[in-house]
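Structures incoming, each one as structure tokens.
Each of the next two complexes has chain A plus one other chain: chain B in the first, chain C in the second.
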Partner chain A sequence: MPFVPKVSAYNAKINTLVIGTGEKALKLGGNNTLPFYEFDAVSENKPAIGVEISDLALEEYVQPGLKSFYEGCDTIPAMAKKAQEIPGASFIALTLASADPNGANTSVEDCVALVKEVADAIELPLAVAGCKNIEKDAELFNKISEALTGKNILVLSAREENYKTIGASAGLAYGQKVGAESAVDINLAKQLNTIMLQLGVSADAIAIQAGSAAAGYGYEYVASTLDRIKNAALQAADTQLQMPIVTPVSTETWAVKESTLPQEEQPEWGDPEQRGIEMEITTASACLACGSDAVILRHPESIKTIAGMIDALTEVK
Partner chain B sequence: MAVKGLDIFKLSPKKNCKECGSPTCMAFCMKVAQGAVPIENCPYMSDEAIALLSDATAPPMKTIEVGGHKLGGETVLFRHEKTFVSPTRYAVALASDDADADEVLEAIKAVDYERIGEREYVEYVFIEDKGGDVAGLVQKVIDAGRGAIVETTNTATAEAVLAVSTDVIITGADASNWEAMNAVVGGKAVLGLKGSPADLYDIADALEKADNKKLVFDVTADTVKKTFENAVLVRRSAIRDEAKVLGYPSIVNLTKLAPGDIHMQTALASLFTVKYGSIVVMEKMTYAEALALYGLRQNIFTDPQKPMKVEPGIYPLNGADENSPCMLTVDFALTYFLVSGEIERSKEPVNLLITDASGMSVLTAWAAGKFSSSTVQKFFDEFQIADKIKNRTLILPGKVAVMKGEIQAKLPDWNVVVGTREAVEIVKYLKDKEYVAAAEAAAKSKAPADSTGPAIITEGPIDYDKLVIPEIPHIDMGVTYKQRDPDSKKFVTIGERIHCISPVIREAMNNFDAEPILKRAAEQIKAGATYLDVNIGPAESNGPELMTWAVRLLQENFNNVPLALDTANKRAIEAGIHVYNRTNGKPIVNSADAGSRIENIDLAAANDAIVIALCSADGIAKDNDERMEHCHNMLERGMGLGMESTDLWFDPLFLVVKGMQDKQMDVLNAIKMFADEGLKSTGGLSNNSNGAPKEVRPIMDSALVAMCMMQGLTSAIINPNDRRTMETIRTCDIFKNYELYSDSYLDF
Partner chain C sequence: MAEITYLLENGEKVVVSAGIGNNLLEVARGANVAIDAPCSGNGACGKCRVRLVEGAIDAPRTSHISDEEYAEGWRLSCACKIEDDRPITVLVPDIASAYQSRIRTADLSDEREIKIFTDIQDHMNEVGLGISHRFDQVTFTMDEPTLDDTMPDNERFERAFLAAVGCDAVELSFHALRRLAAVMREKDFAVTAIYEKQAHRYLVYDVFPAGTDIKICALAIDIGTTTVTGALSDLTTGEILSRASAGNGQIRYGADVINRIIEQTKEGGIAKLQKAIIDETLIPLIDMMVRDAGIEKGQIVRMSVASNTTMNHLFVGASANSLRMEPYIPTFFRCPPVKAGNLRLPVNPLADLFIAPNIGSYVGGDITAGTMASMVWNKEEFSLFIDLGTNGEIVFGNNEFLMSCACSAGPAFEGGDISCGMRATDGAIEAISIDKESMEPTVRIVGKDGQKPVGICGSGIIDVISELFRCGIIDSKGKFVREGARVRRDAHDMGRYVLFESSESETGREICINEVDIESFIRAKGAIFSAIDTMLQTLDMTPEVLEHIYIAGGIGSGIDIENAIRIGMLPDVDREKYAYIGNSSLAGSYAISLSDAAYEKVLDIASNMTYLELSTYPGYMDHFVAACFLPHTDASLFPSVQV
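This part shows the complex of A and B:
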């Protein structure tokens, strides 16, 4: 008798979260195996890649390769439109970094106007990330959700301190999808999902944002948190953790010194853009291997590569 | 990997007859597991059990050592379950007919650097046999300090390679040629096999029967998908499904899966680092790939049980130089990130000094004696801070303001200033330059260098006549401690509230102010505490005086209440025991461990005291095998010094549910193992509910104490003012028949 390895799909599965509308609507999650364990069961949906466009991109996306990709785009909506051409891009993640009260403090009205312009310029589904300021994000997401009613966007994210406002507006009043963000801790992730559900937000309107870190920067906590969430959701059938996981990768990886240090300061390290791409690829691949149902990336080269890896590993029903 | 002692114990006769020379069956089995004694020393172990053992105790995955690195030996599928042990190694591929072989080898050498105490470089070279001088290439690889992997199906080539070195992997054997390849390689070098999991199973099974257990599997298939499937199924079958024949390290060759596409190779290298590749072969490894992949690897293969630490040293922030002031803190990573982040936000140049505190937070480290004036002085000497930095302002964390005098005395050239209590206050503190005036004041108030007061004595016998003990006030607190039978079987509660981490107590001990201490003692005694813990902190300058005073103060005011003496200062404990009255129970030394604090067992033995023995060395024990190993090491040390085994109270180390939920049953099972051997146990039980909402904590604590008492826990260090937990303990004592029932048994 030849040896036959045991296969084990789970009875429980990850919720399917839909963002966007119409033909380009995107389904996240829906699987009943660990990531890429297609020998246990074929995937329902592939992991997805969101393309990060910061509202500061015109000033901050300075790497030559990145800059040349967006050559000729002189507005954020134009960049977002262009980003859709990257092979493997399945949604646009607009980040309102300039809204930070400790930074440029762009007004809520201006942010809403920008988000509307971007939404009108693109066909792919839209995710909108805030500026990480608790009060400002609550206000932003409230107005943005209202302005984009019917677009079925994903707002990133509600946290324990502002989930009531964001959950009530984005999740309940305006029917958008809401990320629930906690700081790399499975107990906190479950707690936030529990109270969001108690608030009345539907389980299939929630994505888990379980925190993020660049490879080498405490990534082990991200890995173990993702591993444990997926195990709890599938093996223990914990309904409060069965939401798909969305992980922003680029904001972490393009900020570490491996990606930013100029070549003059460390000649043997070589071209910083290549370092940044490999850092983004490495971190994204590790996140997907541990359980992210979607990653948010910046560089077209990284996106193309990660999309290629996802395609090579999955064979959707 | 070691054989599991507890598995052996399950099959042992468990009669504790001592005929094998060990005090208990458990102790014997632990020694067998370590290879210290043969299992045949036990006359009662059945043949059946011995046969079963060799099978049951074989590790699920072999460890293969080659080219200076260990591969495999994993026991879990996810790092949070315990830890991964053998990091993924990276190899660069080289075709044997490559005319530029020397250049490839030179390029490999270019990436070689250190990251957090670890050398990062390409560990192996994977030579693909395309004809030519393969053996010569192997020699060059070895000369370059790298391990060699040779892929060949040619037995003559294999023989030539083996003539150069046997510390290599020769891979390429499959279902068609494994017998021929094994005839050459088997018993000499590591043999690499190829095929599907089913093929690998059959070949490895046949080879194991022929006594070749030096194998690796090349799981690379035609596609990425199939390769991933092979890697996962081989590992999962071995570890989860007990197909131990598949328990060998795996090689993944990315040059075959994504030739010419370095970005894709990086993506896949990351995937196989997370999921079960032991050696990952790439076309090249430049800094771009290495910085990311080695960083990832270092994270994935860290032990989740070890506290996160940063390296001690000087961290110049915001362009600080030798003229910038110094701020001091501990090496606990979260503390470091918080403090350095706030300093960076202030934009003020500061030299952040990180001292070794075993990864503990500021107050915990201070209370444990890991962050004291002596450790700071040692740190200053070791890192030659005074030579490297000219500025003489040293800012301490506000929480350990009490150390200011001692540090000032040990570092007389510096101007010691007390900084903020919380990190969030740092930005304002630095911007307002409050420390400048404080440093000037410190400089002025310093005594002249030649009159820094009497030196602190840390050696030799204590001269009790010379101890100057402040007056012991006698104040009626309206509470008396009831006489107690020291041999009572009732659960022993050790009240934890006289602890120098509490600002009130710290202040009171600093000033020999009796009232706040007596007040807390009275509250705990009234609530039914059996013992009181007295934590005086490290008390480096006046430990013996302070402990003598505290012991007399508490015992004289409360009818000789029994005490646990809790400090890192051994002389203080000795002095405390010197004046201790034993009417209501022996003194407890809190605490010893199996690592750097093991000598506290000697202290307890010399003074006929009880000792709390933490079953850990450095960091939390990773499993109950390790806990029991520590337990028996300490037990043997204590008994060797003439202690009763019941005077060592073993602490399994209670773990916090928020974070270590999956380890809670380990702790409960350890308590049962102590009890099965007739040993007593205790511990800081309320640690389980740390960070939980305050209305939930008593529920968690009382449920846990009931489960622990069922397992045989005999004592706990708790807050006796938590009524719910105390009532639960009393009720459990009723069920255990240690306390006679009456309707009002809870009126205590």
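This part shows the complex of A and C:
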């Protein structure tokens, strides 16, 4: 008897979130299958990869391969422009790490100026991540959203403590897209979406950021949470969980010892940069398999590899 | 050493010397100065405020004290360390010791409360668990002794008793013996004796001069973690003669059972905790009820206590330590027979003390007694019985099976853990509604007309949160999202809703509910709902199967079911299915105090009830997080709630 594949059709689908404008605008989500279940239905949109450019990149992107890729770029906007060349890059994720009041505490004005420069330098859509300080992020995103009105950027992210400010400015007043970041828990993710919707932010202006972790660092929680969110969105047709999932990977994986420990200290582990790339690839591929509609990565090698994986597993309409 | 003077608001003064580096709260506890510290001195609850009147003390300003208050000398006693040997004087405000608040004789004219009791008694009678005991009384006159008739008093009494009652053997109790001589001679050798018919003899519990109306009495007590209540009744008719309530004196050792168990393990702890409940709480409470009812202590010949497992361990003086550590083993489920005299209780020392049996470390006699009173065990339909105490306990079942679980809801339902929370006594705001347009509140306050507000009790807290949510003033996470004259923010941007300005309240402090209070309460209601949800789910059932839902607990005189459903605390089913049954633990205790059959029944209920340990149930945490939202993360569980 010939094998007849059984197709699981869902009546629900993930919202389509558009970031950027014009030709290079990027569509996230929009699918009605579990990740890479092309045998159930052909994907509407491929998962996307954002290239992380930290505003501290000039000092912090020290790995030889990474450094040589950005050779000759002496400003952040120049790096962002260069990053667009990486095969598979579909948006730029500028991270304002230096804004942290416990760190360099770069002023809001300087951050806004930098974001504008970057936005002007690139063609790909832009996502802007903050410094994780609740008050500072709220202020930053407010001003950035205002300054970049019309650019349709993705702001990463609003949290329970500052969603009112960020949702009202980025999401309502300035028409940008907003990530909703919660701890790694399906209920907390849904609760934040619910109150964002209650605030009036439109469902297709929200991306879920249900936390992330480097593989091996409590990643099981991330995997099962992403999995459950996708299932709730498709199987249970839960409209409050049908937003696409955006997962920052690089900020997690480049901070763990597998990526940072110098070779002298652990010679048998091999080249640190290669280890970092492998951590990034391992984590990103797992996130995508569990339901991330976009991942944010740093190293051109990892981006190339993950883009290859996405291409091999999808067959977009 | 420094000399510390605690000035109490009632004018009393306690002077004690303490070593440098000691903690002001600890010193107060050692000196028996009652300062309310529900968090056991972690600086978390902000209730242990004292005012520095003289001297200096090393104390940081905490978020519970405003700059203004700090300047006035207000400190959290748990954060105060004695710096040097200069004398210190602090004022302990009445609010700080409010838990010991005046023992309150419950108003017997509260028809609803009385009806709950009479209904329960009727139900018990219907099922054959009405008054049943072997006590009676007899009045007779003895021959006066003469020089020719020199029989001692006790033999004279016994001879006359046998003749009057018509029995073969009688024994005079030691307690009665000591009273006998005076009593006999008061009314020319005419006496009334209260006795119990025992298997081989009649035992005389007490004697009284004849001619007065001597009632045989029973005493029922409910020892809650926060509140202790009692009902004194006529053992012959069941009529309640007096009722009273008081704060549990153990509160100064912590608001929750865990802190008290820890305190009990310290040196002298068993005696200390027992003293706090018996000497400082029960004895004054019983004395008051006895006075109110116009009886003598010796007339109380039966007594029952319903309480959670920790409370009955601390009460009888058994170690509760293993209750708090895995695998959570109590000393007893069923306490062996004990006489009230063994525990120095001010009733007839021979009175049997019936202690309602426990079924688990966290499901105790208050629940077995409450389950009996709720009549869940006697119905074919499925019922749910929920006791909203310091812990929430839930019983589900019918006449074929009973299942229980406990969830740690915290003291929020009794006003604990809430900045302006209080028990449902005079001055408590027990019902609140808010106008959606003007955001102005309308309240009902416990007490006589003109009673100024003091704080908010459990039912009021449910109301205010539900109303704030309904009016769109707070979001589903309990955060303030609407601005208005009554919505204010502190320096840390924490929102609060002001019910009464400081000038309007009895204490001179503003009465409000803030975001931290709301968050605590959302956790409490989340614990209750997720426990119900989980328990039903283990049986593959949904709330639709429920025919009756009984709500018990000291959250106030009644609970607005609509409001409780709107915040997602109780299942969204037909409102008609709900019934408030007040303090069911006391009601059950009352039934036991009157009836051997009821005591047998409660033992039977306890031995047939299964216990579900939620903490080991894999899905519980998930249910709990989902329930910590207004009304619930899964809004489809609350179809009637419009968000």
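Going forward, the second predicted complex is superposed on the first by the 314 of 317 C-alpha atoms of A that agree within 3 Å, B and C clash if a C-alpha of one lies under 4 Å from a C-alpha of the other, contacts with A are read in each partner's own complex, and residues count from 1 in each chain.
Criterion: a residue touches a chain if its C-beta (ideal position, glycine included) is under 8 Å from a C-beta of that chain, and two chains touch if they have at least 3 such contacts.
No experiment lies behind these values; they were computed from the predicted model shown.
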Three-chain arrangement built on chain A, chain B and chain C clash or fit: clash
Partner chain(s) touched by A:Glu160 [first = chain B, second = chain C, both, neither]: second
Partner chain(s) touched by A:Ser292 [first = chain B, second = chain C, both, neither]: neither
When both partners are placed on the shared chain, which of chain B and chain C touches more of chain A: B
Partner chain in contact with A:Phe39 - chain B first, chain C second, else both or neither: first
Partner chain(s) touched by A:Ile195 [first = chain B, second = chain C, both, neither]: second
Which of chain B and chain C A:Ser90 touches, first, second, both or neither: neither
Touched partner set for A:Ser169, first chain B, second chain C, both or neither: neither
First, second, both or neither for A:Ser182, with chain B first and chain C second: neither
Clash-bearing segment of chain C relative to chain B, given 19-27, 595-603 or 631-639: 595-603
Residues on chain A lying within both footprints (that of chain B and that of chain C): 185, 187
In the complex with chain A, residue positions of chain B that touch it: 78-80, 110, 115, 197-198, 201-202, 223-225, 228-229, 232-233, 236-237, 240-241, 243, 261, 263-264, 266-271, 273-275, 286-289, 291-296, 298-300, 302, 304, 308, 333, 658-659, 661
Chain C to chain A touching residues, read off their complex: 475-477, 479, 481, 622, 625-626, 628-629, 633, 635, 643
Residue numbers on chain A that touch chain B, as the complex places them: 2-6, 36-39, 185, 187, 214-220, 223-224, 227-228, 231, 258, 268-271, 274-275, 277-279, 281-286, 288-290, 301-302, 304-306, 308-309, 312-315
Chain A - residues contacting chain C, complex: 160, 164, 185-188, 190-191, 194-195, 198-199
